[in-house]
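Naming follows writing order (A, B, C, D and E), and every chain is counted from residue 1.
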Amino acid sequence: MTLALFVVFAVLAVAGAVGVILCKSPIHSAMSLVGTMVALGVIYLLHHAEFIFVVQLMVYAGAVMMLVVFVIMLLDLRAEGEAEGRLTGPKAFGLLLGGLLGALLLVPLAARLTGLTGDMTTDALVRVGSVEFLAGKLFGEYLLPFEIVSLLLLAGLVGAVTIAKKRL
Amino acid sequence: MMIPLSYALTLSAILFTLGVVGVLTRRNIIVLLMCVELMLNAVNLSFVAFAHHLESAEGQLYVLFVIAVAAAEAAVGLAIVVALNRSRKTVYADEVSLLKG
Amino acid sequence: MLEYIWLIPFFPMLGALINGLAGRRFPKGVVNAIACGSIFLSFLVSVGATISLAGLPAEERFYEQILFQWIAAGTTSIDLGYLLDPLSSVMILVVTGVGFLIHVYSTGYMSHDPGYNRFFTYLNLFCFAMLTLVLGNNFLVLFVGWEGVGLCSYLLIGFWYEDAAKAAAGMKAFIVNRIGDFGFLLGMFLIFWEFGTLDFRTVMEQAPTTLVVGGALVTAITLLMFLGATGKSAQIPLYTWLPDAMAGPTPVSALIHAATMVTAGVYMIGRTNVLYSMAPTTMAVVATVGALTALFAGAIAITQNDIKRVLAYSTVSQLGYMFTAMGVGAYVAGIFHLMTHAFFKACLFLGSGSVIHGMHDEQDMRHMGGLRKYMPHTHWTFLIATVAIAGLPPLAGFFSKDEILWKAWDHGFKAQWLLGFIAAGVTAFYMFRLVFMTFYGKEKFDHHHVHPHESPASMTGVLWVLAGLSVVGGWVGIPAALGGANHFHHWLAPVLDAPSLEATHAAAAAASVGGVAWAAGAGADAAHHDPAEYVLMAASVLYVLAGISLAWFLYLARPELPKAIAAKVKGLYDLSYNKFYVDEIYQAVFVDGCLALATFLWAFWDVVVIDGAVNGTGKVVRSLGGGLRQLQTGRVQGYALTFLFGAVAVAAYFAVQAAF
Amino acid sequence: MTFEMADLRLLAPHIAVTVTALLVLLVEAFSPGRRKGYLAYLSIAGIAVAAFFTPGLFGPQVLGFSGMLAGDGFAAFFYFVLYAVGVMTLLASEGYLRDERMEHGEYYALVLLALVGMMLMAAATHLLVFFLALETMSIAIYALAGFLRSDRNTEAAFKYFLLGAFASGFLLYGIALVYGACGTTQLHGIFKHFAEARGLTTSPMALIGIGLIIVGFAFKVAAVPFHAWTPDVYQGAPTSVTAFMATGVKAAAFAAFARVFFTAFPAVHEVWSPLLWVLAVATMTYGNLVALAQTDVKRMLAYSSIAHAGYLLVGITVGTAGAGTGILVYLLAYAFMNVGAFVCVIMLGRFGQENTDLDAYAGVGFRFPTLGLAMSLFLFSMMGMPPTAGFIGKFLVFKAAVDEGFYWLAVLGVLNSAASVYYYLRVIIYMYFREAPEKPAVEGLRGGASGTLAAVLAGAGVLAFGLVPGWAVRLAQEAVKHLA
Amino acid sequence: MTELPILSLVTFLPLAGAVVLLFLDQDNPGLLKAWALAVSVVTLVVSLPLWAAFDPSQAGMQFVERIPWIEGLGVQYYVGIDGISLFLVLLTTFLSVICVVSSWGIEKRVREYMLFFLLLETGMIGALVSLDLFLFYVFWELMLIPMYFLIGVWGGKERVYAAIKFFIYTMVGSLLMLIAILSLTYVNYRTTGVLTFDLLELYRLPLAPNVQYWMFAAFALAFAIKVPMWPLHTWLPDAHVQAPTAGSVILAGVLLKMGTYGFLRFAMPLFPNAAHDFAPFMMALAVIGIIYGALVAMVQTDVKKLVAYSSVSHLGFVMLGLFAFNLQGVAGGLYQSLNHGISTGALFLLVGVLYERRHTRAIADFGGLCKVMPNYTAVFIIITMSSIGLPGLNGFVGEFLIMLGAFGASKPAAVLAATGVVLSAAYMLWMVRRVFFGPLEKEENQGLADLNKLEWGYLLPMVLLTFWMGIYPGPFLRKMDATLEGWLAHLEQKRVACEALARPDLLALLKGAPGEGAAR
């Protein structure tokens, strides 16, 4: 069952991704991307990453993509011109290299995982629940990254403002 | 029933590759941005899958942080798109080539 | 007196220094006094030193004086020292004596030249160098003098530097001499590495034990040294500079290019006779080169019209005699001829100078004639010297030249003797041709512009002294065959005929092709008189007279004949007149060849190949940079593409690493 | 493990800088005036405070925050390098921004935020921290690159951003694979796994992961063929930002590169070393070759920075303690000489006209003797001429290569150095060997006292570390001891 | 150490002077020149006690100073001189004074000019006294910079090309030498466990001959470029022709000697087996240089270029002497280094005098100058004679010893080298004839002034030295003797010792071909 669901949503995700790169209109691309994200969210769920699923939907598919769509509308972007569809030399080369990269990224599959290393066992999750578990980690062990992210967001904020504002 | 790791990783690789190909082939900067997001999403999938199979929380935490990073990047990226559109009147990557050589 | 021999070169050096640094501010009289005085002082010291030397027993007649250590590297030590022995005493007497006379002559001859003090500076400097040459106690000091005289010769030939040809002649002299020096240097190195020293006395003492008679080493040493001699003493093949050297003022020609410097090669062989005696091959070469040069130069002299050039070729020819003497082992005869030649050739040159002076710098004999009534002193002295060089008894040239020819015959060098013998007649012919064309016959100069006159007393006086010496100079060496005591031979014997070397001589001679008879004759020289000696003597006198008569016939009795003959044997005449084209051949082969090679090396090898490679590398690198620069298109997706390319390559690399 | 107060000791410098950044933003928000130069000095004061906390970090390695952050000599060494970069950049920026009429507090805040990112990169012992720090730095720098909003600025920001994000994807993928292979991304943990699990050294997952991490680093340090952004971005960005990027980013990236590879992956050194060999050679050769063909000083310096990355990669390739020492000292030297050079470039420009074309430099050396002297000093240092700091850096790096038998690498390195001489000298040729035209493009020097001070500091550093490098070398030697 | 650190004083006085120069009034050239002169004279004076107090009986280093410099790397500030460097140091301080005087006519950017000159002096002296390889390398490279500026700023028309060529040529060589230095110190570290750049320590390091080959090759390349040996000489004519007079003097007088000094001090004693085995090759190059330089000099149309090529020829002699491996040759080579500094330096000064008056150096533009400039001509001819090795002048002593030594080592080499004697006379005298003799035809030359007091001032010491060193070289040669004997003994001893060492497989030591590491 899980596997079947995985396959279905995987196909959806890939379809969305293909849509992103094939759609002529940016808004269609954005929509495809949202589709991919949602499909991926479901796959997260299938991996028992409920919290991530939520964040994925809310922050990613929701907020971030909203922003993207907003900007597309703001700039009134339409479908791309003639040049887009044509297959040029560099593009062909890019496709070829992309294919190669894809193939190479499959090489790790040959590896076997060396074993369980973590403490996020089903057992533990059952005991404290996945969100609580992650929260504990986030504010315990992972406090430093958490703090850094706040800095990062501050930098992003200030950066976005300085760049986008007409005059400072 | 567990989803085999290789399935998730394959999907991740495919999505990542599609993102990369998109960055290389599209002209519209916003689409390029989205392709980069796609790449990050692909990686996230790997993290989640690994976390699941290793029974390790780290992968999931990575995903959380990556999403935050992606959000910040998107903000800055979109700001740049706006700025470019303002100064160059274009959203096409290949038309931004003042600096070269 | 002996301990003062350092003064002999010192005085002229001092003179040169004073005149050179401050001479411009002195009146001419002071310059004269310094120049002539300094050389006269050295002459006095030389005489004194020689008398002191003579006072010693024969086998102890040497005096060595070390001034200071010159070049030292570890155990190698070369001193600056002087050596006085009979051989060098003869040389210093000739140099200072003749030198003094020529200084005096020059005060008259150069009196109107603006470079007066410069001239005397050089002349004094020359005397210093020449005296160093003959007094040096080792090869290197000899070489110092050797090069020093070369320098002075260079400076004096090009004395009238404003004439490009004269400057070129000086340069030629120096460079050709350098070719000889090349050999000399190498010879010195061979000696050094064999003996560990360059001291004459040590080398000569050790030579018989260190070297093998007739061995390759000694032959190489002597041949290389002889190459030096051919340069300095103008022998084939390096004689070409000497005729050109006549560009210098005539006193210079007399002193340097006739009486002293050019005989340095002869002196050098005399000085190292021990080595030469051990190298029969070299001896044969020396004798042959000498004899050939004697004849060859004579053959050129016949057709020359420039009075100084005739004398120059005559000098080359006479030097050839000296080398023949050295080559046949008649060292004393060679030195003897060196001395007599110094007298009469100086006299001839100074006489020609007097003629040129009186003829307002005319040197072409075809524009002279009948001068004897205008310049009687010059005429008479010139005639005496000519007779002396022609070799008529009892003048100096007869004794010395005849001894050479006799020794050549006697020592078995018959071919060389023949060449020398022929040359003797030729000498008589061209010398009298010179005299007749200049002093006799029709006056062929332009009476309106040229008013021949006799030279001042300072010049004619010197001429008379030299003429006198040309007459009596040979009497010190009258051979026993003619009832003479041959003082000269006895004086030089300790150096040139060291008894200890007899055995070596014999062995050397035995090894040599032509030297069998000589081996027999060497020991019994003084006692034994071969009747052939008288026959040859008579023959040569008659032969010389024949030459003189021919000259008289052609240039006084039938002056129209020479032209006719010249026309008849035009080829031969041109050949002789153009000096057998040797200068042209040298120019084409060596000078032009060298320049062509040099130009090729520079323009092609340096500029095209090496710099081409250097700059080419730079250019290639820079154009590579320019090419790679094109990759930077400014399109961000192009950049992503290269990025991806790199990423794929890296991933592929690791995939491969994982697979193995 | 959870948070302990003791960990704050490790974070004190970062906190100081962060607080300063926030302070700057606050002051900016509430100050009406147009002159904001004092904010630069405020920022410098913050760095000074951070510097006050730093020396305590020298000594044995202390890990904090669940082993995510290291307090050790290595980090402290880089902190000081980064402080120096920061202070000089800020000083130079003050006058520069005034002249460009863009005095805004955000600039200083972003510089400080980027600085914190860099410092964290140097100290991160966990790939997550490293990644976040990298992103913090990058995002701040993206914004800084476009700060002056000229066409070139925006283009630079765009290119840097797009390629940076692209590269982040690869880096992250690599981290994911390493995580998958090891189950942890704490560097010592990774090391332990490599040491214990024999299969890991040939595991495709681990190796490809390492490969992709290398790609990510290679991008940040501008190694060929991941370098393409460098010239465009360096040229397009405001010069003060270029200086900051060229030195700070490079130092931080190499610090992290060295720490990650020397701490986590030494077990597979033999695998990644040959690849980096190729990268190093390609990078220095390409950088130098293309720099030869440049006529714009700023762009030339960009290519030269690629070449320098090549020399530094030699150090990573060699991978010994000696190489680490070399990298540290090299980066120290590089910080001074490169910031110095860019400060000189700033000073020669004027509002709206950067004057970075070589022709503008004609005769500058004699017209502005001190600037000429300083610029020459920096250029000679970049060439690696003694007795400058640049020489010491190169010397140590090549020494490490030779010690390990990497002779070809060393030879190619020095041949590259020789080729590089040509384009550095060309600047000097223009400055000194050509006469200034009638109406010179450069009318006067800008940057004010602070700019001059920055140049003087840089020059002093270049000379000081060239003449008495002993203590810096010893500190570096101590620092790398804790790495492996 | 309680003694006065004379060497450091001599080395850094010019640097201190240069720093002071920075603060002097730029618009007062008289003051600047006077200051530079004072500094160089004081340096010369301070350097003279070195000669006086030098103990000729001692083969080792004297006036040694040693302070740790970079402790982590075993680098020291370690200086000292022996019979090899003593006279080169003195030559440097002497020529520096001469150069400052001869630059009195400089009007363009006097302060910078003098600054670079003094800097150069520090660099040169430093390189000569360094006994630590690191320190040496620092000074060695330091010399480049001021020279580069001197050529580039105050040079002739093609100065930029010449300056850059000079710089890069030298740089390539010295960087490869740097690698050899690193390898050497590393091998020493592996052998002895001590990381040091101390030259005297490294002298003692036994090295397998095949290891020596490579290190020697790298050192030799650097020094051969500096010498310059054929075929690495092409930077020299350009640099010489373009450099200002004083720059040429220093270049010929001292900088080229750095190459030969490098062989003497470093390349040969560190790697005696390699030096010994490569000797035929080096001698061949030296001989080619002698003949080639002379031939090419012959066809030059520019006086300065001619002198430059003559340097190639002369330095060929020096190299020939060094590789003769006997006392005569080496002493001759060292002595000839000094001589060449004096005579070629003087030639460049003389050419400079002419150039200042006529602003041309083309031989064809002159002719008959002897008439208007008799004193100048006289000096020129004296120096010419010194240059072509006339006995009694300095050139001869060196040339003679060299050829003597070379003859002992290789007869063919000596024979070929001796042709240089002929050729040098040919090209120099031909030039002299064309410049000074013949009719004074060119109108521009009619009014040329003879030497003035200033020119006499700097030429006279040179002329006196040519005589002194030619007639009485004892004071010079004696002080070299012990050192050179020790030098030769060391060479031989170490060579024999190293010959027996096993030769490691160098390829096995080599790392870093891509892919190789992983294959293991």
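In this section, a residue touches a chain if its C-beta (ideal position, glycine included) is under 8 Å from a C-beta of that chain, and two chains touch if they have at least 3 such contacts.
What you see is a predicted model; the values in this text were computed from it and never measured.
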Listing by label each chain that touches chain A and chain E gives C, D
Neighbour overlap between chain C and chain E returns D
Please give the pair of chains with the highest number of C-beta contact pairs.
A-B
Maximum centroid distance from chain A, chain identifier (CA atoms):
C
So which chain ends up in the middle if you average the CA atoms?
E
Chain-centre distance (mean CA atoms) for chain A and chain C, in whole Å, is 103
Between chain D and chain C, distance of the C-alpha-averaged centres to the nearest whole Å
78
Whole-Å separation of chain centres (CA-atom averages), chain B against chain C:
97
What is the distance, in whole Å, between the centres of chain D and chain E, each centre taken as the mean of its C-alpha atoms?
41
Touching two or more other chains - residue numbers and ranges from chain B
9, 16, 19-20, 23-24, 33, 54, 56, 58, 61, 65, 69, 72-73, 76, 80, 83, 93, 96-101
Contacts with two or more other chains occur in chain A at residues 90, 94, 97-98, 101, 104-105, 107-110, 113, 116-118, 142, 145, 149, 152, 155-156, 159-161, 163
Enumerate the residues of chain E that touch no fewer than two other chains.
168, 518
Per the touch criterion, the pairs are A-B, A-C, A-D, B-C, B-D, C-D, C-E, D-E
Taking the touch rule as given, give the residues of chain C at its contact with chain A in the complex, in rising order.
637-638, 640-641, 644-645, 647-648, 651-652, 655, 658
Residue positions on chain A within touch of chain B in the complex are 1-3, 6-7, 10, 13-14, 17-18, 20-21, 26, 29-30, 33, 36-37, 40, 43-44, 46-49, 51-52, 55-56, 59-60, 63-64, 67-68, 71-72, 74-75, 77, 80, 83-84, 90-91, 94-95, 97-99, 101-102, 105-106, 108-109, 113, 116-122, 133-134, 137-138, 142, 145, 149, 152-153, 155-157, 159-161, 163-164, 166
State the interface residues of chain D toward chain A in the complex, per the touch definition above.
1-3, 11, 18, 21, 25, 65-66, 68-69, 102, 104, 106-107, 109-110, 113-114, 116-117, 120, 126, 128-129, 132-133, 135-136, 139-140, 142-144, 146-147, 149, 154, 157, 173, 177, 180-184, 193, 197, 199-200, 203-206, 208-209
Touching residues (chain side chain E, partner chain D) in the complex
68-73, 109, 112, 134, 137-138, 141-142, 144-145, 148-149, 152-153, 159-160, 163-164, 167-168, 171-172, 175-176, 178-179, 182-183, 186, 189, 509-518, 520
Considering only the defined contacts, which chain D positions touch chain B in the complex?
128, 131-132, 135, 139, 142-143, 146, 149-152, 154-159, 161-162, 165-166, 168-169, 172-173, 175-177, 179-180, 183-185, 231-233, 235-236, 293-294, 299
